[in-house]
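Note that chain A is present in both complexes that follow, paired respectively with chain B and with chain C.
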Partner chain A sequence: MTDQRTKTDVPADAPAPVSLTKTSWWKSDGAEPVRRNLGLIGVLIVLVIIGAVTRPELYGDASWVTNNVWTILQQASAIGVVTVGMTFVIIGGGIDLSVGAIIAVAGVWSTTLATQSYGTAGMIFTAIVVGVVVGLVNGVLISYGRLVPFIATLAMMVAARGLAAQISGKQTQVSANSTINDIASTKILGVPMLVIMLAVVVAGGWVLLNRTTFGRRTVAVGGNPEAARLAGINIRLHTVLLYALSGLCCGIAAIMLTSQATSAQAAMANLYELDAIAAAIIGGTLLSGGRGTIIGALFGVLVFSTITNLFAINNLSTEVQNMVKGAIIVAAVLVQQFRYRSLSQLFSRT
Partner chain B sequence: MTSSPAEVVLKLEGVVKTFPGVRALDGVELEVREGEVHCLLGQNGAGKSTLIKVLAGVHHADEGSISWRGQPFAPASPQAAMRAGIATIYQELDLVDDLSVAENAFLGHEQSRAGFLRRRTTSARTREILARLGHAHIPPRRLVRSLPAAGKQIVSMARALSHDARLIVMDEPSAVLAHDEVENLFRIIRELTAQGIAVIYISHRLEEIRDIGDRVTVLKDGRTTAANLPARDTPTRDLVSRMTGRTIEYVFPPRTRKAEGEPLLDVQGLTREGEFADASLAVRAGEIVGIAGLVGSGRSELLETIFGARRADAGTVRLNGKAIHSIGAAVRHGMGMAPEERKSQALLLDEAIYRNMTLSSFSGYARSGFTDTSKERAAAAKTADQLELRPRDVTRPVRTLSGGNQQKVVVGRWLLGGTKLLLLDEPTRGVDVGARAELYQVIHDLAAGGVGVLLVSSEVPEVLGLADRVLVMREGHLIHEAPADEIDEATVLDLVMAGSLLEGDPA
Partner chain C sequence: MNDLSRRRILFGSAAIGAGAVLTACTSNSTGENTQINTNKDTEANPNAAPGEKVVIAFSAPAADHGWVAAITNNAKAQAAAYSDVEFKSVEAGADAAAQRAALSTLISQKPSVIVLLPHDGKELNAVGLEAMRAGIPVVNLDRAFPDRGAYRLQIKGDNFGMGLAAGTYIGEQLKAKNISNPIIGEIPGIDSLELTQQRSAGFKEALGVYGFRVANRRPAEFTADTGQRAATELLQALPKIDALWNHDDDQGIGVLAAANQSNRKEFLMVGGAGSKAAIDAIVADNTVLKATVTYSPSMASSAISLARLIGQKKGMSDLVELEVPKEITLASETITKENAAQYAKLGF
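The block that comes next holds the complex of A and B.
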């Protein structure tokens, strides 16, 4: 108590009393992602406990548990990659409703017979270029055409699905490329390739957001666009780049999904936009922009894929699953609002 | 003038309000009489806003007693405070832009019968109230969006009167008004008090308090440091010392240097339709040039156009001989701007001080796209020292700083960016007295270091005290130029206002 008192009475121009005293790990900066995502980690633990209680015979088998963890992570991989891109867009003050549709276009374009004739590199190149270009179109419409992000990407969602159906002739396009098809079944040192890809994208996204000028601009543009503009940041160009980044993530996800299904079709990645937005939001990203974390978004994705898995191992219907998902989104946002409110009250003066 | 002391309507004793980590009110005493204008004086953070919110029913006092017209007063909600007859007019007017004048006046207690709005009654009653306020010409059905700031304030007052308020709290009502509109506000306040309505008036401008106020209560750090001083006769020195705990006057540092040489900034014939026309001016390195003009004279628009934030219809801006057409080019060539609305135009409030300071220069500290936050922090800390920023801890969010220190963060941003020419739009708005003197010193130090400064302010003494050269702007035209020591306040005011009729929208 008295210690607390003297601390606040230190004159303002004295050296900042930060990190002079040894603090516990819990209060350190390194633990910040854990503290911030406490609610989601709690939800994950509860889900695992429910799984163990409802199917004790499965959870008793260590190799089944290991396999099941990989299954959950593989299921989280493509949507996780999309969510990283989505998180950037939302932190930057926008929204991208077209991610599912972009994946469909990139998927079917990269699996046409013509594209497949260029081999593995041709297919990967096509998926990524298509994703980036559609993202660029989104960005240009929003930045220079001054369309509201919601409207621009809603239009793109509809149009890109149409384009995907047109390209594929509404047929499922089977991938005959074994290298692509093997991605989903390859393991490196026991870790599935898809999980490694997710890890690389998440790590890359974290570095990009927290350690680069691009990330700093993203936060500035989303947090206060006018301040960013008057500080000399080219907010229009940056907005274009954010949507292109989201498109890039969609291109990567298209390859992952094509590999998992060994085919692509116009209806693939249906409603991915909603899952990605929900995961980003329950991961602590502010829908109005300016604040958000990649790690939180990853936890959001993991919560959803764990729920799906929990229902699958219990042979329960997807209807109930969707109701639970909805409840979790609401609960997570409520918890975060409460946390943020108590924080801001701490800082607010008269 | 008052023949017999009027009845005390509001009395606060030992009012305490704590928030987590802050004791915002720590023993406030306040006594307001019927029909008086009671001024509340205090620096930012002294507790004025919290006090207002306690009276308005937004916050509830933790300790102490409040009595209102002889009864204990503890409003459960803003509606309850309104019903009890206490109305608050906030600095950021809480009007709904897309509703009409009448709808705003009766917002929350609409005139209705069986759920159906009585539009005619509402309009008629609004007209009555507007007439009482001396503004019968404002049509009740007009959208509030289309009114100028002064008109919106009238609507706020109409709302207070629609509740039959007996006490109106006004939080810096003059901050959004031009000079002649302030006169009009004062006339209305006098009429209200003549009807026995009490007014609590908050302002940073001492001259206004002398003009309109009856008594003054001074707050400092959540406590009443002086109560019921006579507004007209208390020496400024006394008021300021009670606000700050030290004796500070508006001291402008002496001008020592004379700027010579080629102009750093050269503006020729700059025009934007409907805002300003044919503006030409020059600023040399180390020179402070001030633009005096009313709100709506086009001064802020001129500044933003020079900075490249608005596109000019005609004319050129050159910095060191290089043409400036965009913000990007302006910043690259060494121009910086501290805009009028700090919070909405300049700051990321939830971000750390150092990140705000390096907002225009973080790329410079980065290596191949990777930011170097420790270098940024070190540079920001150095600048924070130079500017005497409080607190010095540059990792704190900007939101926690006072107005003056937030302004220092914005200035610091451009110092870090190596700015050669700084544009300052109302640099001391919302900045308390003590911090003002420090900001003046900062601006002078900048100029002494060779930075050119172009400054816009509504406060003529500020322009005259700070600048080497003064430009006068009226209705979009630069009409006069003079060295600051060859022109006085009266002359500038005369030029600024002569022939100006700011009754309609200030374009």
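The block that comes next holds the complex of A and C.
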């Protein structure tokens, strides 16, 4: 009887293994980031085409186009560095709302007259140490103080802005250090220094996430904290390190921004937390943790930067630009919800 | 458990220690730079003689940029210059609701005069009315109340006039250079604010007189980093420009940096507000910044002086009237290399 049944069922089941082998890698879970990144590259290409169609006289000039590419990348550099740190935190199951405020504290602290008197190294050291220390405080509050990341970093966002205002005496602090100021205008072999810094941070972030135990642990901690704990990972320590990493990225971004603006002030890097979170999300990072890519986050930042550029060259208002940004975030999350399903699966559900 | 608490203590003390070490190098020894009236010549101005004691309560939003900081510093310094003024400053808190609460407490303490820079004129209108009904004259600084009964004196800058002055200066300069169809850029501050719209309207109107118009407009947020971003975008969008008006000298630090970074020197730039850094740059004349139109925080000093006169029921000595006028709008002046020396003391 049982033999009979299986025999009759064979024809019905037969196509299944065939379709599995056909769609093996491309539709597999592992190819999801690649599919998404190709999607984002597609979006970038569409944006460039729109730019070329709307302003042909600009896009006809090769040197302008090269210059424009560097401009877009430079505009993305500081926020890109922050997004790398943010991506780690989100993959690790957290969120960091204090990044903009950390940049402000680090930027302001490194440009006080006292710090500036220690020279370039003193300014860079201060920015990095302040960023890491504030990140550590975030991490300790969350890990050992058992505060929800949203609340802890929200509190830090408010407090750090306050600290920045206190340190700066509510004034814009101009950087008199020409080495720092020159970072933003220096080019090495035709590539702007800021773009090189972004590339180094992104490459470092990629290696750290994909090729080290630290990266694997981050995914494990964010994906399933209990399983990670049972597997022997020190979740608390790891969480502290993730926020410190985010703080480190903020410290680096503070130097980049200070160099670009040749000054720092308490209100600098306003709302960077939202831009960084949005970029990470449209780059395919799950807000609930355990999944995400650095390259995707970078593309997320580039999409925003390219939209800003597109609106600028067409002299369109920033209001419309913000609406478009919002729509892109929603679209990205909608796509994310269907990430495991093929289109046919999607339609067969209805 | 023991282990955990020890670790907590360790982390806590490490964090505090690091904080202490870093605090050691935060000192900012810039002297406070204020613009006040120090005229004590009682013969030339009888009002300068000490009179009846006046308690002035002052409230302004927590400063998020240089201009608001200068407002508070000026008010404080001007009050300190009078021996007959007692100055009570109240933090306005984070928003209009917090400022309302702070002011209600103040009203119950019955100061002689209240001087305030509201978070928002419309939202603080009721508090103005309440104070006036309680018999406390209110001096509104810069952000008007809709009800005329809500204030005794309103002293403010001229946003439309700023745009007008900037547009006129740019128009004259370009006309003198015989540029018939110039490309003009504009970098306003926070675009949703009424003051930004008024400035832009004035600018547009002044340019219209010369038959010019704004080719590209990228708003920033009154901070140097947003100024740099907006200017970078604008300069990238316009490969060649003739003139640029940036609404705010604080964000102008970033705008100038962007011009430097993209190696652009072909245009003339006009600033806004009249900061010390901008005036210095205009005098040095080695950047694209050639002029700035004022919106001076010295109005806070004048507000305190006038509040004192209101408290003492005196008029302005050069006017016939026995009391201080109800509304004063400061003129927006154009600072160029030629007249910068006389404005140097008003830079903030």
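Methods note: the second predicted complex is superposed on the first by the 305 of 350 C-alpha atoms of A that agree within 3 Å, B and C clash if a C-alpha of one lies under 4 Å from a C-alpha of the other, contacts with A are read in each partner's own complex, and residues count from 1 in each chain.
The rule is simple: contacts are C-beta pairs under 8 Å (C-beta built on N, C-alpha and C of every residue); 3 or more make two chains touch, one makes a residue touch a chain.
Keep in mind that what you see is a predicted model, and the values were worked out from it rather than measured.
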Which of chain B and chain C A:Asn234 touches, first, second, both or neither: first
Contacts of A:Thr87 with chain B and chain C, given as first, second, both or neither: neither
Partner chain(s) touched by A:Gly290 [first = chain B, second = chain C, both, neither]: first
Contacts of A:Asn224 with chain B and chain C, given as first, second, both or neither: first
Chain B versus chain C as contact partner of A:Val174, first or second or both or neither: second
First (chain B), second (chain C), both or neither touched by A:Ser98: neither
First, second, both or neither for A:Arg211, with chain B first and chain C second: first
Of chain B and chain C, the chain that contacts the larger number of chain A residues: C
Which of chain B and chain C A:Ser77 touches, first, second, both or neither: neither
Doubly contacted chain A residues - partners chain C and chain B: none
Chain B-facing residues of chain A, complex: 12-16, 18, 211-216, 219-220, 223-224, 226-234, 290-291, 342, 344-350
Chain A-facing residues of chain C, complex: 4, 7-8, 11-12, 15, 18-19, 22, 25-30, 62-66, 68-69, 191, 215-219, 221-229, 232-234, 236-237, 239, 250, 253-254, 256-258, 260-263, 277
Interfacial residue positions of chain B with respect to chain A in the complex: 19-22, 24, 44-51, 222, 307, 309, 327-328, 330-332, 337, 339, 344-351, 355, 359-360, 362-363, 366, 369-371, 388, 390-395, 397, 399-400, 413
Complex interface listing, chain A residues touching chain C: 58, 61, 64, 67-68, 71, 74-75, 109, 112-115, 118, 126, 129-130, 133, 136-137, 140, 144, 165, 167-174, 181, 184-185, 257, 260-270, 308-309, 312-315, 317-319
